[in-house]
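One structure is given here, and the rest of the page talks about it.
Residue numbering begins at 1 within each chain, and the chains themselves are lettered A, B and C in the order written.
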């Protein structure tokens, strides 16, 4: 009788243990799938997408697991980081401090300084006409604008003889900014202000370092 | 006197400790840089490239550090892995078991239609002059060629008033083709011919899955 | 006052400005208080109890001109194109946004590459003349020599004919190997080509007893000596 009782206790423990292990394994699997998804996408993914990847209906659960993954990455000493953006989106990317040395290895032709300045100006002043941008940034801006349109970072909409320029959702996603223009402009202002406070090197390399590694709003 | 001796022993220990720490920090930095390089490139990198990233002349040392990174990744339970290929190249990639579930999240092509056609033509007819490519592909090909050079998919070598075009090792690696041009052309021809015989599904979804991890021939 | 100077009161300051258009144009209109001038002008007329409609009309006309000058100046000041772009040209340009580095799996597969190749090759086939994919090799040395030779074909025919005539008069059998005897390879080829030309023109007949055997030559026409081959 005692043995039987012991046995049943034992088997209950085994079952419980198995369950625990199963649930731990389940979480492990989900962690890996989310990591894989973020790696492949190379852009912020929302909880709905992550749910579909791990076959789960609970956004809350998936959010919790993804936050575990963020902690995992923080604990590891790694060149990569996972960020939680506003509106519950997550993105895996290279930490900024590593990026300068390896930028040249990136597959895609990346934008040079000139187009990037035009881009930040458009983002900051949008909606803005092409004419105004060219007045401020000079004739080169025509080429920059074409390049930015081609990369799907800005939209160009005809307006009489001129064009109205706006950043795209892809732009917002790429930089981890809000898709809402007003919020985005506030975020940008904060980034630029912070940059202004920092002592910049004399060569005027007024780069916005570290703006991506912080969670914006 | 004794105190002095102790002091000097102590300072020697401190110096040694500092040195050790410095060298450990140095290795840490290099590990992170190599990781960053492999992540950003998304393709196999040779030791020469890795040396240039970490500012080291010793391929042996860099190989050792990269192998440390491989071990680090193996110990972690992660969706990513670093592999050492036969010719001393290293690649960071998604583990195969994770890739099927997340592949659909990739949405951006390497190139748009026009440049891709120009690229395929160059690969098939290489070595070929720029002039010949422009004759077949039209004036747009000039822009395509610049883009392909910038993306390190082709090489452009001056030849009198013209240029000779060839695909790069990166091109071969990306499509899982041989780096040897003759073999590559045979491979392309074979797949191309076979393609004609096979009836492809109407939706054109006959994509080569996992082409990055497979090698043809 | 009027009688003293012989001029009406409004030709004196401060109202005279309203009646002197030349001066009016030189004066800064902002220095003229129209309201004061007109009201004091009316008061003065009332005081003198002599209403001059003509003078009033001129005064009104001048006031209107001053108003016009003032509003022209105002409008000029408000014209934006001169001022505005300069303001925006020095607008704050934020620092460049730095693209975060992210790996992204691209969707282009080898199948896509081959589909693209299919398209590219189609337009290659449409080209009227296929450009040779190999660089044109420099012509072999024999080519210019032969072309030079062909230009002097007639001369060569004469030279060879006389040689054959000499041989035939000596009673020798005319054979290709006899003509080619002791010549360099290139010269042998020349001789052979000349013989073909001559045969084509009907000056000689070439014949062989067996395939790959000796070539015998018969001179035709005047001075020809019929010579039979051995056997």
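In the analysis below, a contact is a pair of C-beta atoms (placed from the backbone, for glycine too) under 8 Å apart; a residue touches a chain by one contact, two chains touch by 3 or more.
Predicted model, so just to flag it, every value in this text is computed and none were measured.
Peer 1: Return the chains common to the contact lists of chain A and chain C.
Peer 2: A chain counts here if it touches both chain A and chain C, which gives B.
Peer 1: Need the most distant chain from chain C, centre defined as the mean of C-alpha atoms.
Peer 2: A
Peer 1: Please list the single chain whose C-alpha centre lies closest to the global protein C-alpha centre.
Peer 2: Answer by centroid distance: B.
Peer 1: State, to the nearest whole Å, the distance from the C-alpha centre of chain A to the C-alpha centre of chain C.
Peer 2: 46
Peer 1: Mind checking the centre-to-centre distance between chain A and chain B? Centres are C-alpha means, answer in whole Å.
Peer 2: Centres of chain A and chain B (C-alpha means) sit 23 Å apart.
Peer 1: Taking each chain's centre as the mean of its CA atoms, how far is chain B from chain C in angstrom?
Peer 2: Using C-alpha averages as centres, the distance is 40 Å.
Peer 1: For chain C, jot down the residues that touch at least 2 other chains.
Peer 2: 101, 103-106
Peer 1: Identify all positions of chain B at which a residue touches two or more other chains, and write them in rising order.
Peer 2: 36, 39-40, 42, 94, 103, 105-107, 110
Peer 1: Which residues of chain B touch chain A in their complex?
Peer 2: Contact set of chain B toward chain A: 28, 32-33, 35-37, 39-43, 45, 49, 53, 76-80, 94-95, 98-99, 101-103, 105-107, 110, 147, 150-151.
Peer 1: Give every residue of chain C touching chain A within the complex, in rising order.
Peer 2: 85, 88-89, 91-106
Peer 1: Of all residues in chain B, which touch chain C in the complex?
Peer 2: Those residues of chain B that touch chain C are 36, 39-40, 42, 94, 103, 105-111, 113, 116-121, 123-125, 128, 132, 135-138, 175-177, 188, 191-192, 195, 204, 206-209, 211, 216.
Peer 1: Please name which positions on chain C make contact with chain B in the complex.
Peer 2: My answer: residues 101, 103-121, 123-124, 127, 131, 133.
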